[in-house]
Amino acid sequence: MQLSVFQIDNYGPWTVTPEPRRETDLQSLQARLYSDLADFVGAADGYVFYDRFDNMVGVTNGIDHDQFELLQERVRNRYPFTISVGVGSGERPAAALDAASAALQETGSAQDAHRTEMIAGEPAASPGPVTIAHFDVVDVTGKYTDRASTAETSLALQRATLSLAEYMLDHHDSLSYFVGGDNIITVCPDLDEQAFRAAIDAVADQTGIDLQVGVGRGQRSHEAGYSAKEALEHCRETGSRIEANRQPVHTD
Amino acid sequence: MQLSVFQIDNYGPWTVTPEPRRETDLQSLQARLYSDLADFVGAADGYVFYDRFDNMVGVTNGIDHDQFELLQERVRNRYPFTISVGVGSGERPAAALDAASAALQETGSAQDAHRTEMIAGEPAASPGPVTIAHFDVVDVTGKYTDRASTAETSLALQRATLSLAEYMLDHHDSLSYFVGGDNIITVCPDLDEQAFRAAIDAVADQTGIDLQVGVGRGQRSHEAGYSAKEALEHCRETGSRIEANRQPVHTD
Amino acid sequence: MQLSVFQIDNYGPWTVTPEPRRETDLQSLQARLYSDLADFVGAADGYVFYDRFDNMVGVTNGIDHDQFELLQERVRNRYPFTISVGVGSGERPAAALDAASAALQETGSAQDAHRTEMIAGEPAASPGPVTIAHFDVVDVTGKYTDRASTAETSLALQRATLSLAEYMLDHHDSLSYFVGGDNIITVCPDLDEQAFRAAIDAVADQTGIDLQVGVGRGQRSHEAGYSAKEALEHCRETGSRIEANRQPVHTD
Amino acid sequence: MQLSVFQIDNYGPWTVTPEPRRETDLQSLQARLYSDLADFVGAADGYVFYDRFDNMVGVTNGIDHDQFELLQERVRNRYPFTISVGVGSGERPAAALDAASAALQETGSAQDAHRTEMIAGEPAASPGPVTIAHFDVVDVTGKYTDRASTAETSLALQRATLSLAEYMLDHHDSLSYFVGGDNIITVCPDLDEQAFRAAIDAVADQTGIDLQVGVGRGQRSHEAGYSAKEALEHCRETGSRIEANRQPVHTD
């Protein structure tokens, strides 16, 4: 699959020049940029995660050099800054993202005022299929939202996300992102049910939080992720903890 | 200070009715709602954190019942859903947020289709001052962004955020939120320099990540947070790890 | 009442530097800026019209110098350009707007790269009441939208808007703006029913298009405009062509 | 070329149910929808005009049925309403738009609560080239923005737009839209320089306003429009009133 890192050029210095900018303006700005990226990548059936907001991560199968340039043009024409893009590919998501960030790092520092609007690394002609695992917390409304304090619920979800992300990175070179509510999405290679069972057990052992997961696979993130969400609905209906929608995947 | 929780009414069911909605559309929608809340609360010199996106947390000193209604009207007129608000006050942020979420929980479940557009709890006439501590990672660009993999940097920041959030909640009833880049904002009661030093040490011990912090105080989050950001600039310039801008605070 | 003109600083040159920018990016950008202004002014119960997009017009009763600065800060922190504001007041809307644009023109040219973020003219402490007349086309869906071509309907509405705007400016120093659909809003001094009847007759004579109107009055545009919209609903229900909601107006 | 009308389903009734909605919320909402359409159509190198906001018009060469569905899905997932689309094609823009609106009208009324998310008419496999004429007012800043009142400038531009739109529709079956500032864009069949000269003369005779125009041609609106904007820059530099960039146009 093809992974991308989207980096705001020289953002840190901009946020404090000539003096620190109003925090809510920065928050609003970052959220809008993310919304625009989600729309752009989403129109190509990809996924994008806000990650650190100044560095966002996308699964961008099928998005080529011209389209990245179009996105850069759009940002330049609308925001007070520009963005650079690093691209990498491979069967293992974390390795692909490493390649993407390494390619970008080779073009210069994120805080070099002259390193702007780079596209580093090569988009893949045949990026290969994507596996999406969509996790959520079992009965989050009953156990947390309607009962626990907002602060405790928030920390519980951060613990679950971090625990899952560390486990999936270490064991399966996979990337996990909190996507709001009680939802965590993991971008994986092709894994079997046992691998997900072990991950859920590891999170429960470490944090006491029970996750369930739907898994889907496809040529694009949307196809894979939609399958995963349907599978997760089966978990909710049946009480199952792991459901996989293993559709046949055709080569591009 | 006055804390608020903003909750999308019956959001979970909506996201999967009649079938799961496209993930990037949901991501974009959540980011836009957050952007709108940041603008609204920011215009009153408050802060708002995206927290779980379907439950957002704000420091809302001075925002009264009529203004919350105006915000609810705006959301109703623009989004495919509505929001409810819980409000609580006190000198200790976590206690104030607990009061806010408890007040909201008493009105019914977040997934009750008939519990919509609540305003629970009472806005405070004299909410009292706010202390904002603005943390970031020492030399994040040199140590992480330009060197480490995007995945590792992301996990490092999640570990630092979680470690700090747990410490500040346990020891000082304070609330901590990642706000993008390498920035973490903590909403605190009035704490001395020693308290922040101990927090930084605890995070370094637990995660190996070095934080620095600027601290500010004021009648509104913006005033306090702006002071904190100026103080943090002093850290960056001088190599100091803790700088406090202790302005005189006038009663409202 | 208090009128304002919001002008993008040096916008024309920016749109073609270093080469012409993508038209849809400009369109999207202008719409977003207008949306942000509508939110900002709307939160203070004012109205804003997109006018020429690079010059927007607002009825801004009660918005003071500090709030205009906050708006300028927000634009500067979010857009690739800045804005200036001209302010004028009086009982006659066009005269107040003339004062606002004259004050702004005195600070320099809209295309002077060094004339940025001006606030020209003085916000009024007691701006006085606002009268809003909300017009629409009688049976637009039956006569136009569902029957005529889109191009013809569009021209019919432009003719009606222009005819009404010219009449109301010449006879009553009033300002008229198309606001979407078949709606035209006129900002007026205190006029009687006969004045509106003559305006409707003039438009019908000149263009053959039948308008109806609801009229409201209040200390803020929202109060006046909401009354006007309620009055217009009476027209729709009763077949009346002119309805005025003459609420008592209290001094600020 | 392929023209589309984008219509908000049952919008009028929604704006007043259960009572009239806040005007600035509606204005902001309409602007955001237009911004989203501009982004979506713009990513396919098309153009979209806000027209009446509840009915927007696009030049949508190359956008097929699946993409219109994706756009409808995006609107449904994000807004409190849905949209329908009418599509028509041909060498003459107004005829193509007529076909698009007639196809949509045949599916039912714009105010039928059960006629939602239609796609009427057939996207064209080979829509043929687009001619874009980009007009602006000669020395608008010196003659109007920096000198005349905002209200007078606004009316002057409305007169010029209406005069041009009527002329170009009557004589060349073309569609003209104000796009902000002093810019008017006309979507035309393939016309020679003499046709544009006559149009400019007609507007000057009728309104006293001097226009200049750049003309471009291409397989997509962006390609044609960008050429037109470059040509218009030549007018600004040379004092010429009409410049055409007649690039070779290849069949799709």
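Order of writing sets the labels: A, B, C and D. Residues in every chain begin at 1.
The working rule: contacts are C-beta pairs under 8 Å (C-beta built on N, C-alpha and C of every residue); 3 or more make two chains touch, one makes a residue touch a chain.
As the structure is a prediction and not an experimental result, all values here were calculated from the model.
Across the two candidate interfaces, A-C and B-C, the one carrying more C-beta contacts is A-C. Between chain A and chain C the centroid-to-centroid distance comes to 42 Å (mean Cα coordinates, whole Å). With centres defined as mean CA coordinates, chain B is found 22 Å away from chain A.
Mean C-alpha positions place chain B and chain C at a centre distance of 36 Å. Counting only residues that touch two or more partner chains, chain D has 22, 25-26, 28, 32, 39, 42, 74. The touch graph of these protein chains is complete, with an edge between every pair of chains.
Interface residues of chain C, counted against chain D in their complex, comprise 5, 11-12, 15-16, 19-20, 22-28, 30-32, 34-35, 38-39, 41-42, 46-48, 50-55, 57, 94, 97-98, 100-102, 105, 109-111, 141, 145-147, 149-151, 153-155, 157-159, 161-162, 165-166, 169, 175, 179-182, 185, 221-222, 225-226, 229-230, 232-233. Note for the complex: chain D touches chain B at residues 21-22, 25-26, 28-29, 32, 73-74, 76-80.
Taken together, the chain B residues at the contact with chain C in this complex read 36, 39-40, 42-43, 70, 74.
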